[in-house]
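Structure record follows, encoded as structure tokens.
Order as written gives the chain letters A, B, C, D and E; numbering starts at 1 within each chain.
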Amino acid sequence: MPNVTVRGPEVPRNIEALDPVFTVSGLSVFYGDYEAVRGVDMTIGNREITAMIGPSGCGKSTVLRCFNRMNDLIPGARAAGKILYHDEDLYGEHVDPIEVRRRIGMVFQKPNPFPKSIYDNIAYGPRVNGVKGRMDDIVEEALTKAALWDEVKDKIKQNALSLSGGQQQRLCIARAIAVKPDVILMDEPCSALDPIATTKIEDLMQELSRDYTIVIVTHNMQQAARVSDRTAFFTAEVDHAGVRHGRLVEFDETSRIFTNPSDKRTEDYITGRFG
Amino acid sequence: MPNVTVRGPEVPRNIEALDPVFTVSGLSVFYGDYEAVRGVDMTIGNREITAMIGPSGCGKSTVLRCFNRMNDLIPGARAAGKILYHDEDLYGEHVDPIEVRRRIGMVFQKPNPFPKSIYDNIAYGPRVNGVKGRMDDIVEEALTKAALWDEVKDKIKQNALSLSGGQQQRLCIARAIAVKPDVILMDEPCSALDPIATTKIEDLMQELSRDYTIVIVTHNMQQAARVSDRTAFFTAEVDHAGVRHGRLVEFDETSRIFTNPSDKRTEDYITGRFG
Amino acid sequence: MAILSTPRSAVQLASRGRPLKEHLFRIALLASLAIAIVFLAMLIIYVVEEGWPRLDATLWENQPSIRRPETAGIQSGIFGTLWIIGLTALMALPTGILAAIYLEEYADKSKWYNRLIELNISNLAAVPSIVYGILGLGMIARWMQFGFTIMTGAITISLLVLPIVIISAREAIRAVPASIREGSLALGATQWQTIYRQVLPASIPGIATGSILALSRAIGEAAPFLMLGAATLVRFNPEGVWSSFSVLPLQIYSFITRPQEEFAILAAAAIVVLLAILLLMNSVAIWLRNRYQKRW
Amino acid sequence: GGDAKPSGDSTSSAAPAQSSEAGTALSGEIKVDGSSTVAPLTQAASELFGEEQPQVKVPVGTSGTGGGFERFCAGETDISNASRPIKDEEKAACEAKGIKFTELTVATDALTVVVPKENDWATCLTTDQLKKMWEPAAEGKVKTWKDVDPKFPAEELKLYGPGTDSGTFDYFTDEINGEEGASRKDYSPSENDNDIVTGVSGAKGGLGYFGFTYFEENADKLKAVEIDSGSGCVAPSVETAQGGTYTPLARPLFIYPSAAAAKRPEVVAFLDYYVGNINAIAKDAKFIPLNAEQEAKLKADVTALKSQG
Amino acid sequence: MAAQHLKTASGASRSLARSRPRYGEAAVKVVLLLAALVSIATTVGIVAALLEPTIEFFGEVSLGEFFGSTTWGPLFNPPAFGVWPIIVATVEITLIAIVVAVPLGLAAAIYLSEYATPRVRKIFKPVLEVLAGVPTVVFGFFALTFVTPVLQDVLPFLDLEAKNALSAGLLVGVMIIPIVASLSEDSMAAVPNGLREGSYALGASKMLTSVRVVVPAAFSGIVAAIILAVSRAAGETMIVAIAGGFKSVFTIYPGNEMATMAAFIAQAGSGDASVGSTAYKTIFAVGSLLFIMTFAMNYVSARMVQKYREVYD
């Protein structure tokens, strides 16, 4: 077993494993005719950090983007199966994807600040959601929570693109927080960052998991081990017709996955025998 | 220490550690005014596989591309220091970069077959180098060496883009072999491939290292451990002026690097404490 | 914490009444596009309807006539236009493509002269065509003493479309991924070998598309010929590059300026012919583009 | 840019001198440019001539009288159409280039002043009234018909006329305003007589002028005004123009062949044809033919030109 | 195989020096450079054609008269050289064109870039290309024989003259819609998808994302498109010559006939004005002015394009 530092006991937290925010059952995702992910069942616990790992192309991002219906924006993309969000069917007919995304924020692989001032980046979400007044407070609060306030408070009107990569990513997290979401999804949030910035973001995630439910995709096993409570391991399998589909192989507490996985493929992957 | 399978004793080979193909001393590489890599010293042994690892942006590709002077093609790119290739200064005045690239082949991260037939892809290199006749033999030989002949021999006139990703990458290796180079450089050759294709390429590298000197950049530590004889670990460091430069931290036999690194930073990296 | 105040089980994901505004916006956008298209349709219907009585073989079999507008044709204009376009293709396309190769593959952008060439080309693309007419009149017809001939017209039009050819050829060349160039160079190919054997073949569909569109712009030009005094009543087809000539757009212009109603009909019919040629060229260009769109 | 030289082509197509008897197949190109008023006449001639000599090409440009002379005196054309006699400075330009020419009067025109059919007040206008409308001093001041004559209604006066590069404009301004080119500038100029037709017929207070033939073509939409130059109102017509009573707006129309061109057999043949059939051509092109006296002079002039050789 | 390989690879037996001289490569580069220099020669030619007569013109007509008075009529007697009427007409027609083209073109661009499915885009873009390819004489003919009469019928109170700035401007506007639309769409397409996703992920609708994120991010590209369209409109000749007319009056009422700079050049250049006369040189002086105006606008536009390219790379 790799010599990795596993989160868990050393950070005592109130883990409510049986209070699910998302309940996924039989989820398959299609791009046109291609079934990119097949038959996923998992639950995301409230105010936990759930990590999704697996080799490239196994469908981690695809599943993540179902949680806030970002896939709706891709022509031809379609989800089958069920995702319950607090008992409500996320793909139900009456559900407004825009409202879904307001509740379920997202942070992307490449920091994507808008080419506007830092202030306007944070204020954008509240504004488009019709929040009026006290904008300064909202901005300060979000930046503070994202551990960025001290670094930028003197240049809040500067263009966000002038920040460093790590700062930009924290800005994107602050931007997500500013609309007061319930869940934050992160798709490889550190893969474009240097080690120091990565450490800062990891610390921030820990911090945020007190108030928010977090789902993170990472290709860095060590990161999953360091920050998450639960880990889902995906891989891509070729079916009898020769088509590759992403599958969920194992989903368990992170400590179990990294010390005592129950599936051979999980073990091979985390020990570096493939991938 | 991570539980990784290290190449070495189990594959008995005639390692001529002291027969250097490249001798790098004090190499710094600039993009315009930016010094991307600073002060690298290393040697590449004849018919060895040398791996270069390190976090993103630390200059692995930059150094690799100095070995066949591909950096010449980037406006403003410039190398300082010395690279000897078999005692000849690679950046000497009389040296023709085109001749250099003929001797020192390269395989890229994303398979980049030409949009032509498989046959023409292989024949292209010999043709531009003025090789006449026996082209069919050359093509067959190269494809055989690249372990692709059996898979494609019936569709040699088909467009290379119709091959799968893994096949395309082997085609690119075959293409490099066809000009009978001395050295093959590979820049993350498997990062766009699935695990099975990756395994095939890794086997092929082992096979090729009987005849060729191979330098490979990878972000996958396990891969470096599996295939290489020597490993160079790079990282990016911030100097007193706040500028990031790529540095070579440690260069040693692969087994040493992965079991008993002499530098704390190497250890941190391979144990997943950062990166 | 606002979070805590959201009762988890009572979430409401239904929309908050945005769709109407969204819908109107979308409809407004589509309407704008539709206006342009409806306008084009109206124009085409109008000229076809106006020119209908004259849309028969006499139109291209006969020469223009001042005496018999009702049977006058446009043959000399069609041939003049073909000559001009043919010569323009011979002159502007190779020059433009070579220049594009230079700028994309060789030019070092840090050199002032290369930046000057680039800036100059984008400026030339915006120079009014009537100014090219002045260039043709002052430099080519008079100073170079090429007179008011096909040659003068073709050179003038070549210079006029050259920037367009260069810009579109550059785009096509740029669309060839850098990995193809790197792959070739890494095999020891020289730069020209790489360009000639990899980049050009891969970009030919794009270059052809751009070239056809550039030539179709050239076909419709009238203003420069106005300055070049291309004789308006030409009752013979050109026989060589030193021949007098007229072109279709200029004939149309001269028909518009005649008093008899028959000439207005003739103008409309000639416009239909001109538009048909253009539509044909556009279709070929679009077909080429769709057929050979990015293969990597 | 004033250093125009003859284009190498216009004179090189001359075949060796040869008698131009009918029946000999001739070839070559005769370049004609100039007045848009006269162009239909020469074009008609060229079309008819083409039936006899299909190998001879006669491209006819319409650069206006002035524009035509400019190219003619630069040696770029063989024949220049003109709706006014050549000016002194144009003569000088020709002389400077060594270009000799002959003036041939080929038809008559009656400049016709037109108003819309619904205009019931202007049946006859005096030359003074025309001057009052058109002189430079009228610019911005004479805005309604009432400004021209208090008897007229206060209808807005909308003026249309040929552009400044036309011989018609030169002739009209010379005769009415007393100085060539002197005109108010705020009228709608157009080389396109059709524009004048649409413009005048579309505005109740409209007034314009152009060649008689255009009026005849559009007599259903327009009304020709009689002109009183001191000896009573005279309506424009073939008879008044030929007979010399439609003054001062009846005018001769010219072509100017160059002497050098007149040595080429195809040009000679063309001129012979043109002059030999002048009244048939004029009729065909709907111009006012020459009277007998004018026709005799034309024939004599051409004979003189040919014998200059 | 291995033996052969050894032969070539052991040590520095083969030099890395050029095995054969490559004169061809150098020659090719020279030929290519020459082709690129044709464009420079063109500019030099234009400037050369314009410069001498322009200088001579200002020897005969003072700059003060040219820019200081408002009566235009170089071909009249006595001539008048106050250039403002044709500048005003040019600006006015350009303005009308922009008022038509910018909203329509921009909206079409937003639709194509943000809303249209690939299939819809595949249909509409070629249609815009066809519109861009319609010869300007055709637009002129349409304006003169269809649009103006229709406007006169439908809106008689406008009191349109048979030729007028309004119809000409409208049609010039239609002509430049494709320029605005396609260049704006290019710059919107260059906006990284990450920005859109960032906006959607915050609960923004498509409209808000388009208007508040995509358009501002593409702003300099859009401005560049508009400037290029303006310079095309300002230099357009055939539409204004056919439908806008040649009347040289100092007026701004768009129902009036008025001559733009390009229309003047076309009129004077295709007509008399004997070589060497002041009137003839006026063509070149106005041509220079038009050239400088479009050149300056395009320079600004090129700079803006460069700027937006820099933002995301």
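We take it that contacts are C-beta pairs under 8 Å (C-beta built on N, C-alpha and C of every residue); 3 or more make two chains touch, one makes a residue touch a chain.
Labels paired with UniProt names: A, B = Phosphate transport system ATP-binding protein; C = Phosphate transport system permease protein PstA; E = Phosphate transport system permease protein.
Note that this is a predicted model, so its numbers are computed, not measured.
Identification of common neighbours of chain B and chain C yields A, E.
Among the chain pairings, C-E comes first (most C-beta pairs in contact). Averaged Cα coordinates give chain A a centre that lies 84 Å from the centre of chain D.
Distance between chain A and chain E, defined via averaged C-alpha coordinates, is recorded as 47 Å. Between the CA-based centres of chain C and chain D the separation comes to 39 Å, rounded to the whole angstrom. Annotation for chain B: residues touching 2 or more other chains are 98-99, 103. Along chain E, residues 49, 53, 205, 270, 284 each make contact with two or more other chains. Shown for chain C are the residues in touch with two or more other chains, namely 18, 137-138, 143, 190, 229, 256.
Contacting chain pairs (ordered by label): A-B, A-C, A-E, B-C, B-E, C-D, C-E, D-E.
Interface residues of chain E, counted against chain C in their complex, comprise 22, 24-25, 28-29, 31-33, 35-40, 42-43, 45-46, 48-50, 53, 103-108, 110-112, 115, 122, 124, 126-131, 133-142, 144-146, 174, 177-178, 181, 205-207, 228, 231-232, 234-238, 241-242, 262, 265-266, 269-270, 283-284, 287, 290-291, 294-295, 297-299, 301-302. By the touch criterion given at the top, residues 1-2, 4, 63-70, 73-74, 89-90, 93, 136, 158, 163-166, 173, 179-183, 185-191, 195, 198-199, 202-203 of chain D touch chain E in their complex. Interface of chain A with chain B (complex): residues 1-5, 55-57, 191-192, 194-195, 198-199, 220-222, 225, 236, 244, 271-275. Interface residues of chain E, counted against chain D in their complex, comprise 49, 52-53, 71-73, 75-78, 80, 152, 161-163, 245-249, 257, 267-268, 270-276, 280, 284. Touching chain A in their complex are the following residues of chain E: 117-118, 192, 194-205, 208, 212-213, 216-217, 311.
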